[in-house]
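Following are the structures in question.
In the two complexes that follow, subunit A is the common piece, with subunit B as its partner first and subunit C second.
Take a look at the complex of A and B:
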């Protein structure tokens, strides 16, 4: 079923986890329709039609039969599970991780966060996942750097996420049992980078892994 | 034909459900034709490799009114993880320290053929058949972010499905099927698919415009009015005319998770 050798079951992504974005949106969070800042991690799935690979061409989205006016990309550190992870504490959470890789989340521009963004997020091939799963002692020390056509557009230290890796694993494991081959993308930059057809997107975590994709026409 | 998947002697087995099942309780192995008694099996999710699980919110006019929502102008679609799926006559849990957990009896259309940009006119060619799910919700956990959020709708065991997948042609017209839910024998929910706002052909067209649909993907089409809180010890039966009756036992979080609690 999977077009990706790493993710086998679920790809869970965490939205609104960039502290800069989270703090900047406080006034908006207070208004309708949100009526309060999120108390829990804001999660969404990238379903199996979205899964793709390092080096793959990402389809340019069609909206109602016409090419999308704009797409954006964010990159995230991704946790790959090596064993079943059910109701684990923050202290033991990292013991369930096989290793780390990168995920690109290509989407339409994020308009709001009130309803599940099926139209924006579930596009075919829009979730490339890195080829390597690498063991890392301290995932909080990593930084994800993304470039579009050679120009750096985002630099996101994992330490600046509202909720860190171990906390997310613990919280999510109390909602859903995670299985080997499940992946959590722990946080994307709040400012997603705009991309155009043909653009080359490169993300890297220094010393860990890289992910390269090209936008289709 | 009705297709089911069961655990029998410790192995997963594909079976068909015999016509006289209601009287005989017999299932037939697809491997060797062996007849098996229902008493000797554990029912599993009837879809062998579950793909994307789409579910609809507020898709019955009467239910939207019950929750004080305007009927949506566009389908409210959310996704569920396969961790939510469990079979007929299995346990689903009530989380500790919550006020309101309700069932949702839903007709599920299962995709049988890959397709993209499928027209409403062709949509039914892409449906393999139907089953029933109980798309439980924990209303205490609702937040206004990607609502209904995963904490409400993607919990382990909280989407029982089955008992079987019935071929599309064995059901025929799905535009006026009666749905009922009974809790401990008492009728608590009653409706008809005639009240569906966005029907299966519409949803296939709508979703396939966004993304490729694949065999094993499922569309849970929403629930009519009639919500009721569930408690450990309750038995809930979601039934859809011509499709099947799905039985679920509610247990506590501690009972469900056992050693992992």
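Take a look at the complex of A and C:
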């Protein structure tokens, strides 16, 4: 498995942070098992074995020893921490950021957002992280554009997220300390893009960085 | 925060693996939100900021900026990997183990085992890991005994776990590759012990290792 030189401690991902998706799910949230929209950010981890790099081939998932029928991908702006960040206010949150990059989250198709989907999310090499960590004055002004085999499949302005970058950093910093080399992927498009073996996935944030990966066979 | 020299990549914990608890919950599993007992091990991560050491003071949790009303603790036998372990059979699983130690899992009181409890489980310094990694011929023969302020609160034979050590290693190795320095905490007592600020928690596996921690104020 490839290593990644940027993420050192933990890669925290925020699910359900696309406002379009969040609003579209209000009826579903009213029913079981949710019985109400989440009041807090819905977090998951991509562990050590998932961390991969720009240019890497992402392994096609095996499920119970057989190739997965389907995988999906989403891209997110990623916050890379430069300083230890514990219980900080939204106003001071961005002071702890070293810079920004991109994360691809490859996974199995998500069943729902209630049960923790360890099996679908912890696939080896399924979290490539961009090579550049870039200082940005206003992360809310950025847009993440993802293409599969040259066709744009998602275009997500960071301003479309339910919770913005500074709010997320503040909230998460009250749950767990963020350390230098920790990364938060702030939000993925609600509609993950289906991918097939051999597909080429390209994401870009204009003027900041880009991330290229190929699916294995 | 203290560092831990043993765990390098990820600390995977197995919930709901105490047979007494699992059997007692069958009626509850039949209802929402579960609608059926889990067919797979229920896993959660204790991330980097939780890793702590034998002898360490464990921070009393802060919830939304105020001291938590209650914390609980459970102890588990912990498997430390010495070799990369990917899709291995139950019969060969133990060949990838460097040795065994103890893990304390301090957390907020668990609400249920369905929703991922990131907030309750990812508390800073809440996962002390023993200092010794000890070779053991038969991990199923071990018993974990935990005391709070000198009174035994739990005594859990590994043989009482729903899924044993070799089966867990095999199953988890099909979900994600386990790398040298990764640790699996194989199962905690269903009844976690309540703790208060200043309490002393001591766990021991006879002839293998012990783990001592004190709760902060």
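For the reader, a short list of remarks on this structure follows.
Just so we're on the same page, the second predicted complex is superposed on the first by the 215 of 217 C-alpha atoms of A that agree within 3 Å, B and C clash if a C-alpha of one lies under 4 Å from a C-alpha of the other, contacts with A are read in each partner's own complex, and residues count from 1 in each chain.
Here is the rule we go by: a contact is a pair of C-beta atoms (placed from the backbone, for glycine too) under 8 Å apart; a residue touches a chain by one contact, two chains touch by 3 or more.
A quick note: this is a predicted structure, and the numbers were derived from the prediction, not measured.
Contacts of A:47 after superposition on the shared chain: both subunit B and subunit C are touched. Once the two complexes are laid over each other on the shared chain, residue contacts for A:10 go to subunit B and to subunit C alike.
In the superposition on chain A, A:39 contacts subunit B only, with no contact to subunit C. Of the residues of subunit A, those at positions 1, 9-10, 12, 33, 40, 43-45, 47-50, 62, 64-65, 86-87, 114-116, 118-119, 122-124, 175-177, 179 touch subunit B in one of the two structures and subunit C in the other. The part of subunit C that touches subunit A in the complex is made up of residues 1, 9-10, 12, 32-33, 40, 43-45, 47-50, 62, 64-65, 86-87, 114-116, 118-119, 122-124, 174-179, 182.
On subunit B, the positions that touch subunit A within their shared complex are 49, 51-52, 54, 76-79, 81-84, 116-117, 141, 143-151, 154-156, 207, 209-214, 216, 257, 260-261. Within the complex formed with subunit B, the subunit A residues making contact are 1, 9-10, 12, 15-16, 33-36, 38-40, 42-45, 47-50, 62, 64-65, 86-87, 113-119, 122-124, 175-177, 179.
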